[in-house]
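The structures considered in this document are given below.
Shared between the two complexes below is subunit A, which pairs with subunit B and subunit C, respectively.
Up next, the complex of A and B:
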C-alpha cells in the first residue's frame, strides 16, 4: 500500500494503482476521454494531465503509476492550464454544431468543454472534414467528429476479440476505419456507441429520433439469453426509443450484446397486435377482452369435456416471466392439464436432475477458472457476453477447451479443441471421458459403455486441459441442450466433471430457463410429437420456437383450438383460433431467473400498447373466469413471492437424479448441424429490422459445409442448394465453412428459410437447386 | 558529398578504395580486434560497461544520453529473451551520417553491436534501417553475411560459447519510427506509434522484453573505445563530451558533407573545414542539431564549440549533429514554414496536442509566409507551442515547437515585418 496525497487529501492505495485509480477511489474527477476502466491504457487524449510534485511537466493521470509519498494536484494552475490546452486542441477540428449532432446532450466533449473550453475559438483556419464509414446496420458514423481517443479500436481488439476497427493514416489525417470494404460485425459491436465520447459513432436505429433529455430512463432486464443483462430502457411518449446497458459488474459489466441493445425495435413493430382477435368461420375479427377470454375459457372447457384433459397442452418460451409461467402452470393445473412445457427447443426430454440445471457457479467467477471446457455451444452467438468474459479469462491464464460440432472462432485462444459430427457429440464427450479416465487411472462409470471408443489426440489434449486444475468448469451450451441425445451428453459430461473435480454448468438458453424449471413448467415433453386437440401457447411461435418446427406447425394447424397469447400477430394469425395480445417485457412487470439462479425483477417501462395486457393479468382473469381459487393476485410481486418462495440456491442442482445409460454409437452420411441463429432466437430479435440486416443474419440464411463436402456434392459457393429433411425442403445459398468436418451441413434452425425442416440434428440430403 | 574523417567511426577508412567497407579491409585497419580482445582476454561484462562509462560516450541519435549508463540499466539476469536494437531510422531533416556509416563502415556498427550484446548478455539484435534507403540496406545485409561467414556473428562466436544473432530490418519511412518505442512497435509489425513511458524499453521493449536501443553512430564508436580504452576516447573530446562526433553539414557552405571531428571543436573551425560560406555570403543562422533544434543566430553560433554542453548553453541542442547553415539571403519565415510543415506531416496523430497542434502551427506560419499574417499570430504561435511542448507522449511535439520558439526568439522582427508588410525582406526559399 502506498500513501499519497491528491489535492491535499491523504489516501492509501494499493501499489500498481495509477493516479486515475487513486483519484477515482476518493471521488476526485479527472477529466478524460481515452481512459476507460475496461480498456487498456492509451494515454493519447492527454485530457487527464495533472500536476505531480517534483515532475517537471504535467503527467497523464491514467498512465502514471502512483509512487509512495506522491503529491498530485488535479486542479492546480499547471494542471488546469494543460487540460484547457488539450481541450482547445480537441475543439479546433471538431465541429461546433452540437445542436445538429445526435450526441448533443450526452457528449463527454460537450460536457467537459463547459468546464475547460473557451467561449470563442482562436482557431481561424480551415477545419478538418473526414469521410464517413459504413460500419453496418447498427453503428452510424460522423467521422468528422472523431477525437481519436481509440476507445472503439481498443474495444474491438480487447473486448470483442477481433480488431475490426483501426487507426489509419498519420497525424491529423488519422482516421478510424474498418477493414476496406468490411463492416463491423461483432455480436457486441454496439458497445462502441457507448464508448465513443463524442458523436462520431452513434446508434443507427436511434439516430435523430429523440434527444437524450427528452427520454425517461427506466431499469429493466434483457429478455434474450440466459445472462439477464441489466438494461436502461429509454422512453419517450410511452414508446421505447433505445436500450443502453445498466452497469452490473456481476452480470453484464458495462456491456450489452447487440441483441440486448437493438431488439427493442420489435417493440414498436407494425406486427404488434393490440386487440384481442377471434377467428370465426375462418375470418379474423377483433373482439373485446371479455368476449375473447370467455371464448378461450369455453373453448378449453369444451375440448377437455370432449377429448379429456390429456388432449390439451400448454407451451411457453422461457422468455416468459416467472409470474407468467407460474400462472400458466396454475391455470393448467386447474384444468387438470399436466402437459406444460417450456423446453421447446429440446429434442431429448429424458434428463432428470436433482434441481434446476444452472451455471453451477456465479457468472462473475467464470473468468477466474483455470480451465473451462465448452461442450456443444456456439458461445459467441448463444451468450455473446459470456464469450467476452471467457476471453478476458484467457488473457489472465484461463485454458479454454471445446468439444463441438464446429470449430468456430471464439476470438480467443483455445488450448484444445475436439471437433465432432453433430450426431457424434456424445461420442466426442466419451472420447474425452476415456482420456480423463486414462490420465487418472480410474475406471469408467458403469452406466457408460464406451468400449468402441478410440481416443484421438485432440481428446487427450482436451482432457489434459482439465487435468490438475483446482478450479475448472464444464459448460453445456445450446447445441448440447438441443441435442437428440442430451441426457447422454449430460451424463458423460457429468462423469468428466466427477473425475476431474470440475464444476458442471448449463448455459441457460433463455432469459428465464432456470425460472421455468423452478416453477416446473418442464413437464410436458414433446407435446407436438403426438398432436393434441388444443394448444395453449404463451409467447410461442410454433415454427420458430420449437425444435422440430415443421412438426409443431402441423400439430398446431390440425388442432381444434389454438389459443395464442402473443405480442405479435404474424405467426399467430396463421395458426391460432384466438389471439390474446399480451405485453412484451417492456410493458409488464415480471421476473427472470438467470443462469446463475439470480432472480431479477423489473417493472414495465411503458404502458401496454393499445389493448395489450400483461400476460399475468390475462392468465389471472382466465383463472377467475374458469372459477378457479387462488387467482386473486393484485400485483405481479404477489405472484413472484409465491412462485419463488424461499431461497432459490438450494433448488438449483446439476446432479443427475438417476444414472443415464450412455452408449457410444456410430454415424455416417450427410448430417445436419442445425443451430438457432443469433437473431432468430426469440420473438423480439427476429423482428428487429436492424439486426436482420447484420452479417450474422446473412450468414444464418446460408447453407454451409466444408470445401471438400461442397465439391463432393457438386456445389460451388454462391450456388443455390435444395436441402431435404424428412418431408421438409428448403432452398439456400451455398457458402463454405472451414470450421466444419466433412459431411456436416450447417443449416440454421427455426429460420424463415428453413422452417419446413425437421430436427436440428439428423440425416439431410442436398442437391443443387 | 564530402566525408571528412578525423575520428573513431571512420578511423582509417580509405574512401578511394571501392572495397573500403568490406570485412577484409575493416580487419586490416584494426576491425574486430576489440571483439577478439574481449573474448580472448575474457573481459567481463562489467568491465566492458565500465570502459564505455569511462569514455563518456553519449547517445549520438539526438538525446545524448550516456551510453554506459543506459547499458547498465539492462537487467542482465532477466531469464527470458532480451534484445539489442540499433536505430538506423535516421529521419531528422539535415541528418545523413548513419547512412554513411552503414555504407562505408558497416562492420564498425556490427562489431559495436556484438560487443553490446556481449556486455548486456543479449543474444539477438536488430538494426532498423530507414525505409527510404535501399542500396545502403542491401550493403548492410551483405556486411552481415560477411561477418557471419567469418565467425564474428552467429553461434559460438570465435569458438567461444558467446552467441549473437543480428538481423537487418528495412523500415517503412516514417520519421516517427526513429522514436525508439515507435521503432519497436514498427519492428513488431505494428503501426509506428510511440509508447507511453514508463515502462521504458529496458524493462518492456521489443515484444515486451528488456531491450536496449542505441543509435548507429553510438554502436560504431564502441569498438574504438574497447580497443583503445575509454580514457583515450574521452580525451579525444572534452569532459562529459567524450570522443569525436559526426556532423552532417548542409546548407550554404562550399563543401557540405559529413565531418567527424572531436567534440569541442569550435564551430568556426568546422565552418572553415566546410570551405566557408558559399559565394562569400555572410552567415546568418545555424540550426546546430537537426531540424528540431532551435535556430541560433550567427553571432551566438560563432562563439560555440561543437559539443553537447556548449550548444545547450547557447539555448539549442547538439541533437543528431545535423548542422544546417543559412546565409544572409534566407527568409526565416519561409524556413520555419518548411520546418513546421515537416512536423505537421510527420506527427503520428496518436496524442491530441501534437496531432492537432502541429497542423495549427504550420497553417499559421504558412499564412504569415504568404502575406496573410495577423498581428496576433506571433502570440498565438507561442501559446500553441506552450500547449504542445511537454504535453505529449513522445518528443515529436517538443521537436515541432523548438524551431518555432527559436525563430521567434532570434528572428521575431522578420515575422513582424512580414505580417505588417505582407511580404518578406528576403526571397522565399526555392
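Up next, the complex of A and C:
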C-alpha cells in the first residue's frame, strides 16, 4: 500500500495504482479523453496533466504510477494551465460543428471545453479535414472531429479481439481508419460509439433522428441472449430512439453486443401489428379485443371438447417474460393441457436434470477460471459478451479449450481444440472423456459405452487443459443444446466434469431460458412431430423459432385453430386463425432470469403501440373469460412474486436426474451444420434492418464448406448451390470455410433462405444450381 | 507474392521474437518486402500482414508511419536528405536545394527518366557527419556538400 495526497486529501492505494486510479477512488475528477478503465493506457491525449510535487513538469495522471508520499494537485495553477493548453491544441483542428453533431449534449470534448477552453481561438489558419470512412451499417463517421485518443483502436484490438481499426500516418496527418476496403465487422462493434469521446463515431441508425437532451432514459434488460445485458433505452414521443448499455460489472460490464444495441429498430417496424385480427372465410378482419378474446376462448374450448386436451399444445420462445410464461402455463393447466414448450430449438427433449440448467457459476467469475472447455458453441455469435469475458480471462492465464463442429476463431488463444463432424459431437466429448479417464487412471462410468472410441492427440490435449486445475468450467453452447443427441452430449460432459472437478454449465440460449425452466414450460417435448388440432403460440414464428421449421409449419398449417400472440404480423399471418397483438419487451413490464439465475425485472419504457397489450394482461383476461380462478392479478409484480416465489438458487441444478446411456456411433457422408445466425435468433433481431446489412448477416446467407469438399462437389466460391434435406430445398451462394472438416456443409438454420430445410444436424445433399 | 529468399528473411525476423509477439517482426518484414518489390502496395502490405499473422491495419499503421517505407513507385535511386535541425544548421537545406535544382524535381518527386527520387528525411543519428544523405535507404553518405553530391551522382548509374 502506498500513501498519496491528492488536493490535500490523504489516502492509501495498492501499489501499482496510477494517479488516475487513486483520484477516481476518492471521487476527484481529472479531465481525460484517452483513459478508459477497461482499456490499456495510451497516454496520448495529455488532457489529464496534473501537478506532482517535486516533478519538474506536469505529469499525465493516467500513466503516472503512484509513489509513496506523492503529493498531487489536480487543480493548481500549474495543472490548470497545462490542461487549458492541451485543450487549446485539441480544439485547433476540431471543426466545432456541435450544432450538427449527434454527440452534442453528451460529448466529453464539449463538456471539458466548457471548463478548460477559451471563448475564442487564437488559431486563424486553415483547419485540417479528414475524409470519412465506411465502417459498415452500424457506425457513422465524421473523422474530422477525431481527437486521436485511440480508444476505438484499442477497443477493437483488446476487447473485440481483432484490430479492425488503426491509426495511419503520423503527426498532423494521423487518421483513424480500417484497412483499405474493409469495414468494422465485430459483433460488439457498437461499443466504439460509446467510447469515442467526441462525435467522430456515432450510431448510423440513430443519426440525425433526435438530440440527446430530448431523450428520456429508461432502464431495461436485453431480451436476446441468456446474459441479460442491462440497457438504457432512450425514448422520445413514446418511441424508442436508441439503446445504450447500463453499466453492470456483474453482467455486461460497460458493453453491449450489437444485437442488444441495434435490435430496437424492429420495435418501430412496419411489420408491427396493432389490432387484433381474426381470419374468417380465409380473409383477415380487424376485430376488437373482446370479440377476438372470445373467439380464442370459444375456439380452445371447442377443440378440447371435440378432440380432447391432448389435441392442444402451447409454445413460446424463451424470449418471453417470466410473467407471460407463468400465465401461459396456468391458462393451459386450466384447460387441462400439459403440452407447454419453450425449448423450441431443441431436437432432443430427453434430458432430465435435478433443477433448471444454468451457467453453474456467476457470470462475473467465468473469466477467473483456470480452464474453460467449450462444447458445441459458436460462442462469439451466441453470447458475444461472454466471448469477450473469456478473452480477458485468457490474457490473465485462463486456458481455453473447445470441442466443436468447427474451428471458428474466438479471437483469443485456444490452448487446445478438437474439431468434429456435427453428428459426432457426442463422440468428440467421449474421446476427451476417455483421455481424462486415462490421465486419472479411472474407469469410465457404467452408463458410457465408448469401446469403439480411439483417442486422437487433440482430445488428449483438451483433456490435459482441464487436468489438475482447481477451478475449471465446462460450458455447453447452443450447438450442444440443439443437438439431436443433447442428452448424450450432456451426460458425457457431466462425466468429464465429475472426473476433473470442473463445474458444468449451460449457456442459456435466450434471455429467459432459465426462467422458462423454473416455471416448468419445458414439458411438451416435440409438439410438432405429432400434429395437434390447436396451437397456442406466444412470440413464436414456426419457421424461424422451431428447430424443424418445415415440420412445425406443416403442423400449424393443418391445425384447426392457431392462436398467435405476437408483436409482428408477417409470418404469423400466413397460418394463424387469430392474431392478438402483444407488447414486445419495451412495452410491457416483466422479468427475465438470466443464465446465472439472476431475476431481472424491468418496466415498459414506452406505451404499447396502437391497441397492442402486454401479453400477461391478455392471458389474464383469457383466464377470466374461461372462468378460471386465480387470474385476478393487478400487476406483473404480483405474478412474478407467485411465479418465482422463494429463492431461485436452490432450484438451479445441472445434476442429471437419472443416468443417460451414452453410446458411441459412427457417421459418414455429407452432414449439415445448422446454426441460427445471431441476427435471426429472435423476432426483434430478424427485423432490425441495420443488423441485416452486417457482414454476419451476409455470411448467414451462404453455404460454407472446406475447399476439398467444395472441389469434390464441383462447386466454386461464388457459385449457387442447391441443398436438399428431407423434402426441403434451398438455394445458396457458395463460400469456403477453412474452419470445417471435410464433408461438413454449414448452412444457417431458421433463416429465410433455409426455412424449408429440416433438422439442424443431419444428412444433406448438395448440387450446383 | 514474395520470393522464397524474402520469405526466408522474414522467417529470420520472426525467429528473433517470442512466438506470441510476432507483431514485433512487422517492421523488418515490411523492409524486406520493400527491398524486393521497391515499394509497398496495399496488396503487398496485406500479404506481409497475413504472413506475419497480424491484422492488415496493424501493418498499414507501421507502413504509413515511417517515412522510409515507400507506398508509391520510386526511381532507381531514392535520395533522402536529412533536414532535421543539426543537418539544417550545417547546410542540409543547401544540399536539398542543390539536388532539387540539379535533378529538376522537388521533394517526393521522381525524375522523368525514372532514375532519381528525392525525399526529405528525418534525423539519421549521424548529425556529426552533417549534411547527411541516404541512397536507397541503405547506404549513408556523409558531408554532402555540392561537390560531394556531384561526385555521388556521377557514381550512380
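Keep this in mind: the second predicted complex is superposed on the first by the 769 of 769 C-alpha atoms of A that agree within 3 Å, B and C clash if a C-alpha of one lies under 4 Å from a C-alpha of the other, contacts with A are read in each partner's own complex, and residues count from 1 in each chain.
Definition applied: a contact is a pair of C-beta atoms (placed from the backbone, for glycine too) under 8 Å apart; a residue touches a chain by one contact, two chains touch by 3 or more.
Quantities reported herein were computed from a predicted structural model and do not represent experimental measurements.
> Clash or fit: what happens to subunit B and subunit C when subunit A is overlaid?
clash
> Figure out whether A:60 sits in contact with subunit B (first) or subunit C (second), or with both, or with neither.
first
> For A:44, is the partner it touches subunit B (first), subunit C (second), both, or none of the two (neither)?
A:44: touches subunit B, not subunit C.
> When the two structures are laid over each other on chain A, which of subunit B and subunit C touches more residues of subunit A?
The partner making contact with more of subunit A's residues is B.
> Regarding the shared-chain residue A:88, is it in contact with subunit B (first), subunit C (second), both, or neither?
In the superposed model, A:88 contacts subunit B only, not subunit C.
> Looking at the overlay, what does A:419 touch: subunit B (first), subunit C (second), both, or neither?
A:419 sits against neither subunit B nor subunit C.
> Could you look at A:215 and tell me whether it touches subunit B, subunit C, both or neither (first, second, both, neither)?
Neither: A:215 stays clear of subunit B and subunit C.
> I'd like to know which partner A:164 touches here: subunit B for first, subunit C for second, both or neither.
second
> Which of the two partners, first being subunit B and second being subunit C, lies in contact with A:125: first, second, both, or neither?
In the superposed model, A:125 contacts subunit B only, not subunit C.
> If the shared chain A is used to align the two complexes, which stretch of subunit C, 6-14, 42-50 or 132-140, clashes with subunit B?
Comparing the options 6-14, 42-50 or 132-140, the clashing one for subunit C against subunit B is 132-140.
> Touching subunit B in one complex and subunit C in the other: list those residues of subunit A.
167, 169-170.
> Which residues, counting only subunit A, touch subunit C once they are in their complex?
157, 162-170, 177-180, 182, 413
> List the residues on subunit B that touch subunit A in their complex, please.
174, 176, 191, 196, 198, 344-353, 355-360, 363-364, 367, 380, 383, 386-387, 390-393
> Residues of subunit C touching subunit A in their complex?
Interface residues on the subunit C side: 20, 42, 46, 54-58, 60-61, 64-65.
> Which residues of subunit A touch subunit B in their complex?
41-47, 49, 56-58, 60, 63, 65, 82, 85-86, 88-90, 92-93, 122-123, 125-126, 147-148, 167, 169-174
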